[in-house]
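Okay, so subunit A shows up in both of these, paired with subunit B first and subunit C after.
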Partner chain A sequence: MSEEKPYRRLESQDLLQQIAFRHGLEAMAASEEGRLAWVTSGFPVEIPVAMDVFPTYPEQAGAIVGASKIGPEVCGFAEDLGYSQELCSYARASIGSTDRPDDTAMGARPTPQALLACNNICGTVLKWYDAISEMTNAPVFLLDTPPLEREQLPHHRAYVRRGVDRLVEFLADTFNTKLENEKATKVADLSSQAIRLWTKVLKACANKPSPLNCADRFLTMAPVVSSRGMEHCVEFYEALLAEVEERVKGGVGAIRDEQTRLLWDNIPPWFTLRFFNQLAARGVGFPADTYTHAWSGAVEGSDIASILDGVVDVYSNVYLNKGLEAKVDKMCELIKDYDLDGFVMFSVRSCKRYSLGQLVSKEMVTERTGVPGVVIEGDMVDSRLFNEAQVQTRVDALLEMFV
Partner chain B sequence: MSEGTLGIGIDVGSTTTKGVLIDTSGKILASHLQNTGASALKAVEQLLEQLSTESGVDPSDCPIIGTGYGRSIVELAYKTVTEITCHSIGVHSINSEIRLLIDVGGQDSKVIRIGRNGRPETFSLQDKCSAGTGRFLEVMARVLEVSMDELGPLAMESKSPCSISNTCTVFAESEVVGRIGSGDRPADIAAGVHLSMAAKIASLSRQVGVAAPVGITGGVALNPAFRHYLSKQLGQELWVPENPQLTGALGAALIALRGQNE
Partner chain C sequence: MSYPILIEQSNQILRELVDAGQPVLGYIYPHIPHEIVMAHGLTPSLVRTNPTTVGAYEDSLQTFSCSLTRNLFSQRVNGSFPLLAGIVFSSNTCDALQNVADVWRLRFPEDNVIRLTYPVGDSGNPAVQYLALEIKAFSDALESLTGVAFQKDAFIEAASIVGGIRRGLQLLYSARLVNPSLIPYDTLSELVGEFMTAPTKTVLTRIEKKWAEVLDGLKKEKQDGVVEKTRTALLSQDMGGINLTSDSAVRIAFIGGMVEPTTIADLINNVPGMKSNTVVLDVLTFGFRTVFTPPVETEGDPFEGAARSILGAPSEPTQEGLSKRVKLLKDVLTHLSIGGLVVCEQSFCDPDEFEAPSTERAAAEVGVPIVRLPIDPELSDRARLEGRLQTFLETLDAS
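The block that comes next holds the complex of A and B.
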């Protein structure tokens, strides 16, 4: 037997690999059939899925580029075209891999027939998709969801709803398809089921020890991002939830000796998920994070009109489309509900929308919860921006506060 | 001598490597400071030899804690602890009143809020950029053709400091060259350099929250002009220990002795 690792492997990971493989093949087939759309992670994907347009996610491709440790190289392809190193590394990885697909193992996406961007996650997506549009000739559709500071007001809701209606028209015109009631309700139902299962999986992590660690959730979130509204997505989360519940029942943790429970804020450094595993060896686990909790809104509805209203509500209210106060509330809630000892905020150079305000929110969270936190700096794909020794000192100093 | 009655702390910094050997009461039996140079490993070996010569104690008989950016290189250390915790504990052992500690080293600076138990409560580190570190002053001393020891006293002669940008060492250097070219007095330029750096550190301190009394350590704490301008910026008196460069190593030695952090 090999040496026992400080963390446990999920059996559901095998299923996950199958799904990822299948999703890749389906995307290729859809591209050949002229019905592939690239979509941003916060896009109401239920609508294209219900209209038989297959979605694929450049952000996920960016994560794969990062995890394959070819981030600097692929981002470099975009930099060779003149794009700044300051541009989001998901955008650079996407533009770079589109320019040189043969040099980007696994990272390049099949040619799209449409580019669907929603600015509820950031404003960069529009310019990024414009650049891809120039390279591929696929048209861009922008769903504009103005940021929400507090409750969504009626005029705001009406504005986003007009955008959603235009999206339906755009897809109908571009792909010669239409949104039908039966398919729409089925897709919305499948999407809600997947979200509800995923939410249960996340909530199970409040148990001690937590059945999943950060890296587990970062990997198993893939289907809820990319395959909402599809049957295999529900099947995957049924299997994952069963495994998680089994772990909880047996008191089996994601890491073998959970001593310290921390919150993770922001996208992970995909090129060094071993960061979490090294901490696992020291008894440090992350039962919750703000990133994977972002996919939590279920689109409910019994007919097209109510589904589209649901879309407006869910996709306007995503984590990154709200103000600092909402982010602080969420972090405090997670620290309380998951009984966490402290938090690590990853300041991601690429993602201004996620990282701006972290120094202030760090203070606010500590003030309200009484638990200490630390800000570390780096990037999710571009490992050139991640200084391991500096990160280590900060995290070690945080852990020393718990002694 | 039996294990546990003595403790050694070794602080491998970017510019200097420091070592402290203490007895069971916390009294310093030997201490040494030397340049880290190109080989941190060699610096640590030499340091241990020096501590051994000074005290007559064989270091391999003592528990050792390594700290500082090169902490993992201290082979004899049974454990490493970050400089943030070590400085906190070291300073607390000398002056338990200190609530905010500002440590300005050769290539980084840190601000630590110390709890009543002597452990850090929160901290902020500046290690991405040389502005606001000892390196900034080294560069400016070279341009002004004075030694590091002379730079602070030179600045104290000024009555009207020049205005120098605090954003970047490279740009600030160009500004200093420009000031020299326009005939400004070296003392005023030197004072401007210190003022600019003090503003940077004061801003880092406010990030953590200024809580009195405030202490300052690290090599830059020895510079009177920096202390003067930082004190003015923060509106606080600054306490400086007798050996401001040794507090990290002292904290490490205390942890080794007490078996803290176990």
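The block that comes next holds the complex of A and C.
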């Protein structure tokens, strides 16, 4: 039966599931031992890992809530507490599942002892973690990385560096731990290895047909976000890269009959990943997306001081922390490097930072690359905000341009 | 004064300034370093939403951009935006403004858009040092814009004018809390509005005159001492030594990150049951935070002085410090004898909407009933908002 599907299942997915399961158990144990921290997706996770604080990443839990199609219900728990339906649905899913873990079949996270937020992805993370802090009493640590307009100036660097130093102090005080040279360099090294492997995986998608589709990358990015610096993360990406290279060698694509290659912009609608499969059936694949390319900076360093400097560099300079033009540049670069025919921008109603401005960037990208694009509106977790028929009509209109 | 009249008056003042050759710099986020702007010969003026604006943002912004940014953008598209030498967008405050500034720049390349980046972190000295250098860069941008370098004399004069205005308004805010019959909320909000339109000597004189009148009344009632103490308490965000008692009338306060006092004054105008002394305070609003900002130190580095002043103000929902804001709110409610709280939320405003449940819990913990009001600049749901306020007042009266 599975042979008839228009897309191919990744074998590494089994390993991913094992890793996710193991990560879940370890997070539970860490919570019981009083050394669990929640981290945002852009947080320099290398530091807590090197200090023996176990990180877990609630945006992934939000994705699981979405994929399990219980988004409206779990987000609704947060709305019952007074949080507006207009707010980030990852945040709502997280607040809802923290309030009612027993009613959240999947996606509830073990109780944290600290909440580590870095605002290089958005300003919402602070508000979200503040809300969780009120519910769990876990303190919030904010690593403030003000957005960059141009190159990073010395006072910006100094401010973020001071923030990183404060983070080390915060973790030492909260968890009675220390940052030691040997562990720090080992973690930085493992983290860089994982990032390099992940980058190779992403680059391999420039091949025709692309060995991975959008949903594959969204699922397999979880370890590089939350477990950079851990051995199993490197092992996973070695296995994934091997499978990807095998596919490339054999000319095997993620979808069976790749005819049209598109760029995906933004987080996907987790509750309807079949959206990608339906398009796969029509020969449409997504060899690149803007989101999974955000994790590409490797923290290098031979001692604590240089590692912390590296952290400042990498985490201040993620392109999400720059303006709209940086995002447009990124999209144009991906369209060129991956030889894409067009692009789909998912306008996520509850994620302002990632979505506001898409109407303008769409025009700019088309102007600069000459390829057409479409903006569709919805949400990543909350299916109430997704109008399937409307989305379909828009995507159809885009696809008609390629026949 | 109703909000539409305020807008008209504010535009009139701006027109007069521009006609007199005085360049105006518009700002959106309350913590603008007024004194630095004035040191470059510019007048800082709050860019206001306009309730009569018809939506014209749709080609550039999605509907989930906050109602404030949608309104401003529409004004710009419609050509009803005031004539400004430049417009300051804050950076690192909220996600909406961050992106809308980029969109604005791209859509209106002829506008002089200047970014001023604020620290979100509540980290003391590192945040001051960072902001000081951002303000220095901002000052350099103003110099390029106007051709006028930073002038120390103008800075000192500006510090004196803005400091005087703030002091006067702080006293009037406190006087209203102590004896609301001496200064109507309308008048207070109007003066705050004038300050934000243009912090000029004329405005300072008007505020000083009003304060002199109010002070007379306070002296007759022997309440001037307690007003001064209340002001100090609000400014230092330490309400410990204050305990205002109320007569039997219900006293309510408004709260909301992005609501202007004038909007509140306009909204409460026609609500049945709303008496002239019912609303005694707006707290942690746009106006409150701007007014209760400590004075700028003019000795030493002016940029550092401005940074310390801004970071010494009551914090924003966009910044760290939720627990401090919650504590301040609880203290205000209990020490100032507030019997009901109205929580205003701009629609699609993440910071307001994230903070409202915490505000609600804080009020519940000190036994103060609340009502949440989702508002937009057009007050498009006005009848319903008034109805909710009326019902709220009736509940308070009955309890």
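Following the convention adopted for this analysis, the second predicted complex is superposed on the first by the 400 of 403 C-alpha atoms of A that agree within 3 Å, B and C clash if a C-alpha of one lies under 4 Å from a C-alpha of the other, contacts with A are read in each partner's own complex, and residues count from 1 in each chain.
Basically, a residue touches a chain if its C-beta (ideal position, glycine included) is under 8 Å from a C-beta of that chain, and two chains touch if they have at least 3 such contacts.
Quick caveat, the model's predicted, so the values are computed rather than measured.
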item: Touched partner set for A:Glu400, first subunit B, second subunit C, both or neither; value: first
item: Touched partner set for A:Glu377, first subunit B, second subunit C, both or neither; value: both
item: Touching partner for A:Tyr83 - first (subunit B), second (subunit C), both, neither; value: second
item: Partner chain(s) touched by A:Arg166 [first = subunit B, second = subunit C, both, neither]; value: second
item: Which of subunit B and subunit C A:Thr366 touches, first, second, both or neither; value: first
item: Partner with the higher number of touched subunit A residues, subunit C or subunit B; value: C
item: Contacts of A:Leu126 with subunit B and subunit C, given as first, second, both or neither; value: second
item: Which of subunit B and subunit C A:Ala389 touches, first, second, both or neither; value: first
item: Residues of subunit A contacting subunit B in one complex and subunit C in the other; value: 359, 377
item: Residues on subunit A engaged by subunit B in the complex (per definition of touch); value: 359, 363, 366, 372, 377, 389-390, 393-394, 396-397, 400-401, 403
item: Of subunit B, residues touching subunit A in the complex; value: 69, 81-85, 119-123, 125, 127-128, 207, 209, 260-262
item: Subunit A-touching residues of subunit C, taken from the complex the two chains share; value: 59-62, 64-66, 91-96, 98-100, 102-103, 106-107, 115, 117-121, 123, 126-127, 129-130, 133-134, 137, 317-318, 320, 322, 345, 347-348, 350-351, 353-358, 360-361, 372
item: Residue ranges of subunit A touching subunit C (in the complex, touch as defined); value: 81-84, 86-88, 91, 119, 122-124, 126-128, 130-131, 133-134, 140, 142, 144, 146-147, 149, 153, 155-156, 158-159, 162-163, 166, 323-325, 347, 349-350, 352-353, 355-360, 364, 377
